[in-house]
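First comes the structure, then the notes that go with it.
We call the chains A, B and C, going by the order they appear; numbering starts again at 1 in every chain.
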Amino acid sequence: MSVTVEDKVTPADAARPGPVRSDLAASGRRVLIALAGLVLAIGGTFLLDPYRNYQLAVVAAYLCATAGLTVLIGRGGQLSLGHAALIAAGAYSFGLTSNAMDEQGITGVALVVVPMLVGVVAASVLGVLLGLAAARLHGPYLAGLTLAVVVAIPAVTSTFSSVLGGDAGLYISVQRRPEALDRIIAVEQWQAWVAITAAAAVLFVLSNLVRSSYGQRMVAVRDDEAAARLVGIDTTRVKVAGFTISAGCAGLGGGVLAYVTQNASPGAFSLVFSLFLVVAVVIGGLGSLRGALWGALLIVLLPDVIGTVLDSLDLPPELAQRLDGNVAVLVFGLLLVTIMIVAPHGIQGWLSSLRRPRRRAPRTAPALSTE
Amino acid sequence: MDQLIFLVGSGLARGSVFAVFALALVLIWRAARIVNFAQGAMAAVATYLAFAVTAATGSYWLGLAAALVGGALLGLVVERGVMRFVAHTSPLNSVIVALGLVTIMQAGLGIAFGNGYRTMNLPFSSTPIVVGGVPLLSPYNIFVLVVAAVLMIGLGLLFTRTPLGLRLRASAFAPETSRLLGVPVSRMLTLGWVLSSAVGALAALLVVPTELGLNPHATDMLFVYAFTVAIVGGLDSPVGAVVGGLVVGLLLSLVTGYLGSTLAPIAVLVLLVAVLLVRPGGIFSAKEARHA
Amino acid sequence: MTGVLTHGGPAAASSGITPLLEVHDVTAGYGHSPVLRGVSLTVPTGSIVAVVGANGAGKTTLLRTLSGLVPLSGGTVRLDGVDLAGVAVEHRVRHGLSHVPEGHGVVAELTVDENLRLGGLWRRDRKDLKAAVAEMYELFEPLARRRSSPGHQLSGGERQMLAVARALVARPRLLLLDEPSLGLAPRIVADIMELLRTLCDERGLTILLVEQNVRSALLVADHGVVLDLGEVVASRAAASLLDDDALRHAYLGF
């Protein structure tokens, strides 16, 4: 899942139809790499205890969202603060579908796959709507609009509380592990498998996407919309498609999250969560899929580590309560500001520059330059 | 009918605060071409400062002064300490940094004061005055309206009638030419942040106690409302911000009064989408498209 | 060829050849490639010096370097003996340097009156500022009629007039003018050139003029400096430059 698309694409290059660098052999190789990665990750779950497997599942769920978001911001130049809402759309749709199917007595693989797909579709539909707005708006305006969407979530869930469960959220009955595996693995490990599979699918789709001629058109539109239009790129379509795909990935992430936690509630999809996702992709390196993995790991593990450290300090309960959660948010904020000013290419950019010391600009992380 | 009068009155009071907060956004937008996503959080910090000072001294007015001074200082620190160092290659950079500041400040407030709601004192009663059986404005509403009006008129005079205002406007419109004419543009930029931050702090202090409730995230919603106001009015237009503020305030008041308070954020979202899709330049802007 | 002016025209001679501006061996530009390479020239007090040359010769960069917008990477710039290296852009106007930038720099959103006042705000003496602005309205009648019109409503000629008037509000000793003829009808260009001559002769204003319109510029100037690819290739009395056919063909394209 390495991303090696050229960052500076001339609009004329991008307008040329057909795959630019992905012939069949390369495509087949990527399928093999993806499968190998999938097998490795699933094998790895046998080394982890149930709690770590649960965390791994959450990381994979976040990875679906951060991967879609990093492509959207880094390559499309569109800053969405609304990904928490898109994840929420995926999670609630998953939950409603899963509960409805459960009532009908449907079991088996369908009870996992169908609700996931419904989640992806629901988030994609929301994504098309936001994307249509996004196509007409630049940077800060899109950010403001998507911000308004996120803060409206609690209003939506309490307005339709009979269906969505209001502030308390939705309890979701899910298909547990297949009976055949009952004796071999724990629930958490099975959940991790599902989550990893979803994340692998997202990464596979996105890594092909950024390499495709569509990916180049996206970068061309980001760099110079007018020039892109001059060479015949339909910029609206490129932007709407970008937002929709990113939304679909977020929706799948939401579905996985709902499946793993068996819950969907407005509190989980707050503005802070959206900001976390932005932190994750900025820290990882905007536009880089590997960076999205670093980011997803960080937003799951760092709060965990900070919590452990705070617990070991034996603080007075009142202080401990105030520090709980807030310290992690504080650290993320500091990281975000520092990285944006000091190292705008993020972790992956830094790693790449270690490997290629002579290159001044890391290839995997495009600086935001949407003039 | 009785309810309508009350709703319009309180809607105007609320709207005047949104207008003031939106003016703060417009100030920075004009000075630095940055939509300051940290405006809400900065105002929240100043409001907590007022809360702490009032709690310590027992005086609302000392708290208000502290919010103004604290807000101004915060603007200075954010501009000189952070924003000045952000690369201007993309407008997204400053937005992302501002979001980082939001998380830092909100977490900081949570650590210092806890995440729960706190009650703030009001200098005047918030019970409506009843005239002939019809509830009109509350004394606090009147206080808010007066302060907002004074502030808006004051800012208007500052910008149109004083040499400093001329310098501020010139630096915003044509920084390079202004430098050639001897205007210290960099200092004007800092001053723009200071002014905007103080104005935003005052707006938050007026609206948080009665509308939002004091907590670290109290101003998220205020920012969204003010952003909507600025979009409705056009980010370049102070007059648009004032009119837009009153419109959004009235809309919120009527929606809350007749349909219930939970629908308010949805109503604002619908308004925002409608304006962005129909007239992205804002109602008061002559420009067709936005270039951010 | 370095171009230090060795003899002055009539105006310079009458004012005793004190150089108001001395540019010595200046190198400047954007990033790593310098646009100006070893440029030297002097502008005697009370004279008009025209800098001419093809597109991309570095004329605008020269003016922007003099006012500090482009950083100096080598050489010195002295205004009346004061080294400008340590003087910030926004303080140079206090030393008597006014720069009318390319495209006149009228602030479109401000009114004529506000634009004019902006030119003298740094002085803080309100009465003096008022007097200076009033004087400009006398000098430029068309501006007086439009004092509350916003800049974007003015015609091209009016804008150029406003830009010059705004620079004069600061009561400069040296006026830097970047292509005042750009986009204007020939008759208006002639008016502006005549105005510059009057300002120089009657008020003793020293002017450094950058022009694409070589003929008009050299006709009004005392001295001419020819820039090519960032270097001074000729520097003489303006009239003699106009007469030098070889030079005109080689560098000025007419």
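Assume a contact is a pair of C-beta atoms (placed from the backbone, for glycine too) under 8 Å apart; a residue touches a chain by one contact, two chains touch by 3 or more.
Every value quoted in this text rests on a predicted model; they were computed, and no experiment measured them.
J.: Of the chain pairs A-B and B-C, which one is connected by the greater count of C-beta contacts?
T.: Between the chain pairs A-B and B-C, A-B carries more contacts.
J.: When you average C-alpha coordinates per chain, which one falls nearest the overall C-alpha average? Tell me, please.
T.: Given all protein C-alpha atoms shown, the central chain works out to be B.
J.: Could you give the separation in Å between the centres of chain A and chain C, each centre being the mean of its C-alpha atoms?
T.: That gives a centre separation of 57 Å.
J.: For chain A versus chain B, what separation do you get between their C-alpha means, in angstrom?
T.: Here chain A and chain B have centroids separated by 32 Å.
J.: Would you kindly tell me how far, in whole Å, the mean C-alpha position of chain C lies from that of chain B?
T.: Here chain B and chain C have centroids separated by 44 Å.
J.: Touching at least two other chains at once: which residues of chain C meet that condition?
T.: none
J.: Could you list, by residue number, the parts of chain B that touch chain C in their complex?
T.: 163, 166-167, 169-170, 173-174, 176-185
J.: Would you tell me which residues of chain A are touching chain B in their complex?
T.: It comes out as residues 73, 77, 79, 81, 132-133, 136-141, 143-145, 147-149, 151-152, 154-156, 158-159, 271-272, 275, 278-279, 282, 321-323, 325-330, 332-337, 340-341, 344, 367-371.
J.: Give the list of chain C residues in touch with chain B in this complex.
T.: Answer in residue numbers: 67, 69, 89-91, 93-94, 98-99, 101, 105, 107-110, 114, 117-119, 121-122, 166, 170.
J.: Quick one: in the complex, what on chain B touches chain A?
T.: It comes out as residues 34-35, 37, 82, 85-87, 89-93, 95-97, 99-108, 110-115, 217, 220-221, 223-224, 227-228, 231, 262-266, 268-269, 272-273, 276-277, 280, 290-292.
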